[in-house]
Amino acid sequence: MAVDKVVPSAAAAVADIGAGATVMISGFGPPGQPDLLIEALYESGVTDLTVINNNAGAGGEAISELFAAKRVRKVVCSFPKAIGSTVFDDLYLAGEIELELVPQGTLAERIRAAGAGVAGFYTPTGYGTELAEGKEVRVLDGRPCVFERPLIADFALVRAHRADTHGNLVYRKTGRNFGPLMAAAAEVTIAEVGGIAEVGAIDPETVVTPGIYVDRVVLGADAGAEDER
Amino acid sequence: MAVDKVVPSAAAAVADIGAGATVMISGFGPPGQPDLLIEALYESGVTDLTVINNNAGAGGEAISELFAAKRVRKVVCSFPKAIGSTVFDDLYLAGEIELELVPQGTLAERIRAAGAGVAGFYTPTGYGTELAEGKEVRVLDGRPCVFERPLIADFALVRAHRADTHGNLVYRKTGRNFGPLMAAAAEVTIAEVGGIAEVGAIDPETVVTPGIYVDRVVLGADAGAEDER
Amino acid sequence: MSWSRHEIAARVAWDIPDGAYVNLGIGMPTLVADHVPEGKQFILHTENGMLGMGRAATGDEVDPDLINAGKIHVTETPGAAYFDHAESFGMIRGRHLSYCVIGAYQVSQDGDLANWRTTSPTVIPGVGGAMDLAVGARHVFVAMDLFTRSGECKLVESCSYPLTATRCVERVYTDHGVFEPSADGFRVVELAGGVGIEALRECSGLDLVDAVAA
Amino acid sequence: MSWSRHEIAARVAWDIPDGAYVNLGIGMPTLVADHVPEGKQFILHTENGMLGMGRAATGDEVDPDLINAGKIHVTETPGAAYFDHAESFGMIRGRHLSYCVIGAYQVSQDGDLANWRTTSPTVIPGVGGAMDLAVGARHVFVAMDLFTRSGECKLVESCSYPLTATRCVERVYTDHGVFEPSADGFRVVELAGGVGIEALRECSGLDLVDAVAA
């Protein structure tokens, strides 16, 4: 059978995300954020999620709704503060959400490690700060470094610019951010895209996320007539 | 001043590679091998090199000459055996060259770690084998892993398909291999390319090695009239 | 009658599901690509930085920049992608590759694999990507002849050759049948026509577990 | 007279060499881009995955997919490149970025930096890329006012705010002058017109080392 990872709807794509799941969500600000998938996740009513995202409800209404509805038990992020939203702040100060704060580069590298089968690594980032408290420290080449572990997820929801039916993805400008890392780090990766092309339509030299990392492809709400098939 | 990393000749580009230097050389078979730079390195007469390459003299005459002339003290590679060449074999069996044999993925990851400021990492690859003898082992998530350190070089000689004057690089097909990793892992990176374009001529979305990693750009011998400026 | 190299390859291809991402080693494993059953599509990975590898290139198809891990000129299929070595081996080590099919000198009943070097002091050691594939692929299949040219069984209680990886092999496809390492010794999953399990026990000196489907 | 924010930014830009790869933090550091001396070119990095960032976008230039780390819409310059977050922070941590210019709450005379959170229990902590930039950039420059609004000196013997990184700051550019952490205490490299070193010693309570070029 010809490989075809396109799924008809966002609701179908997220249907098996169950209570207690760990979900990575791509995006840095609005660029690269899979709005339709987040909305479908919200609509599904799923609870008790652990969310891995650079922020915690910033950059989009859909993700804020998920937090506001108390569907998120824990967030792993580098910058939970959102401009123009106090949803996370209120939950956090009320002790209703757990926060694991990670330096942005360490967050990226831990996600990358999960995807690349690296079981742990040492980084100079965070040494001597409260974010490294309790973490193993080792001096390597004269420099104290902190031991960090991979961040694995059950599902990754990523936003890309275009896909082909094999799930090969290309991104657009700063919308790339965490997408390629998260796609490789989750058991199941769902990509929301602005357009879907026939296999062979994306130059193999320019593919950013090879289809091996992608399980399902959904057309974004903004895509409209952009389905090129 | 407008940034311009183009150097007039391969000889000028490698002139400061001195005796005892550690040099990474890209390539897996002929694709991605910087033939002109290797030849210039040979012509420079430099001795006592440590070479980091996937092979040890395979896939090109220039690199075999370097070994045959006993300019290489040590090689770090995954597969020194060359089809149709016994240069390395003879040196090795005569005890005239040091060999550090590294699994190919660990070789790639160690080079990547050097470029990305990762001070060390644990990998399952090699555990329980003679290539991990003497290395620290740690069980992570129930799996025994081997501790590996970054591989840093003084110089990287890489081959790319095209460059712009800022040193942004794109590769071609399986010629990409170690190029992007080595470009980031060396103090000084010299790229040999098939064509040089004005800045702005390469689509920012398709750049594989951003110019920040590249210090010098040289037009390859095969490029001829391909200089697009 | 024992299976031919092509029959072994076809047997392997039969067990790999449609849509799988597969890395094929040099030699007998390469033949698997020629025996993909109708209705199935495998996406081939080559560790020098490509998914969607096609068959060997001939004539005008030869592109100097396009080779596989065995340094043979190959072609590209629709949906292919190129990437660097860190990504390629991250893909392997990160367990994204569904299957790899490789050759072996020896496989132990615990699933240990020896396929990268002999113990000869005059042979230059070279490991390439063997250790990465053995620890990384979700399913490690070995395709090999059951006996060496000098008649020694390559399924062993424990490997005498240097190891590539421990406890990694899931199935071994040979000219005499299909075997699975297990805690109770090798399970015999299938036998080539005319091959008797008792005779194999005798040649190999192994406690073979009869698991041939009735 | 003390320097304005723009004068501080210009002073920083003066010290960064032509062709440098530079990351500029939010606030006063951002102004550095407006004061690049004639004949120099800086290549700007934004940690959300871009080199060759241009100025803020206006009108039709606004592209929804193109923002900087401060989530402001920006433009692209010729020679730009996009990449993912692992590459972007590998670039930072791997010491490829020549300069970063950031703000601070406090800098200690050992070069420790505190710029990511205050100790207020009602403020949500958020670190972003601050710790990565502080340990990674080859030269870490701080641009800030020397005193807080309530008059406390932000150069300190040791930081009372939570640290971002230890021993990382190379130079501090302030409205009153330029300072360098050193083993002997802060070295005063330059003073704004009319600012006296004795007066600064008094306000700050620090042993300032006079290193102003004659």
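Going by the order they are written in, the chains are A, B, C and D; count residues from 1 in each one.
Just so we're on the same page, contacts are C-beta pairs under 8 Å (C-beta built on N, C-alpha and C of every residue); 3 or more make two chains touch, one makes a residue touch a chain.
These numbers were taken from a predicted model, which means no experiment stands behind them.
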To get from chain A to chain B along touching chains, fewest steps?
1
Quick check: more C-beta contact pairs at B-D or at A-D?
A-D
Chain A-chain C separation of Cα centroids, rounded to whole Å:
34
Using Cα averages as centroids, what's the distance between chain B and chain C in whole Å?
29
Where in chain D do residues touch two or more other chains at once?
50, 76, 82-83, 86, 89-90, 92-93, 136
Junction residues of chain A - those touching two or more other chains:
109, 112, 116-118, 123-124, 171-173, 205
Going by the touch rule set out above, what shape does the chain contact graph take here: line, ring, star, complete or other?
other
Can you identify all of the chain pairs that touch?
A-B, A-C, A-D, B-C, B-D
Mind listing the chain A positions that touch chain C in their complex?
1-3, 112, 114-118, 164-166, 168, 184, 199-200, 204-205, 207, 210-213
Chain B contact footprint on chain D (complex, rising order)
18-19, 21, 39-41, 43, 45, 50-52, 76, 78-83, 86-87, 89-97, 136
Residues of chain A that touch chain B when the two form their complex:
109, 113, 116-124, 138, 140-141, 143, 145, 149, 170-173, 205-206
Per the contact definition, I'd like the list of chain D residues that touch chain A in the complex.
46-50, 63-69, 71, 76, 82-86, 88-90, 92-93, 112, 122, 124-132, 135-136, 162-166
Residue ranges of chain A touching chain D (in the complex, touch as defined):
28-32, 54, 59, 78-81, 83, 88-89, 92-93, 99, 101-109, 111-112, 123-131, 161, 171-181, 208
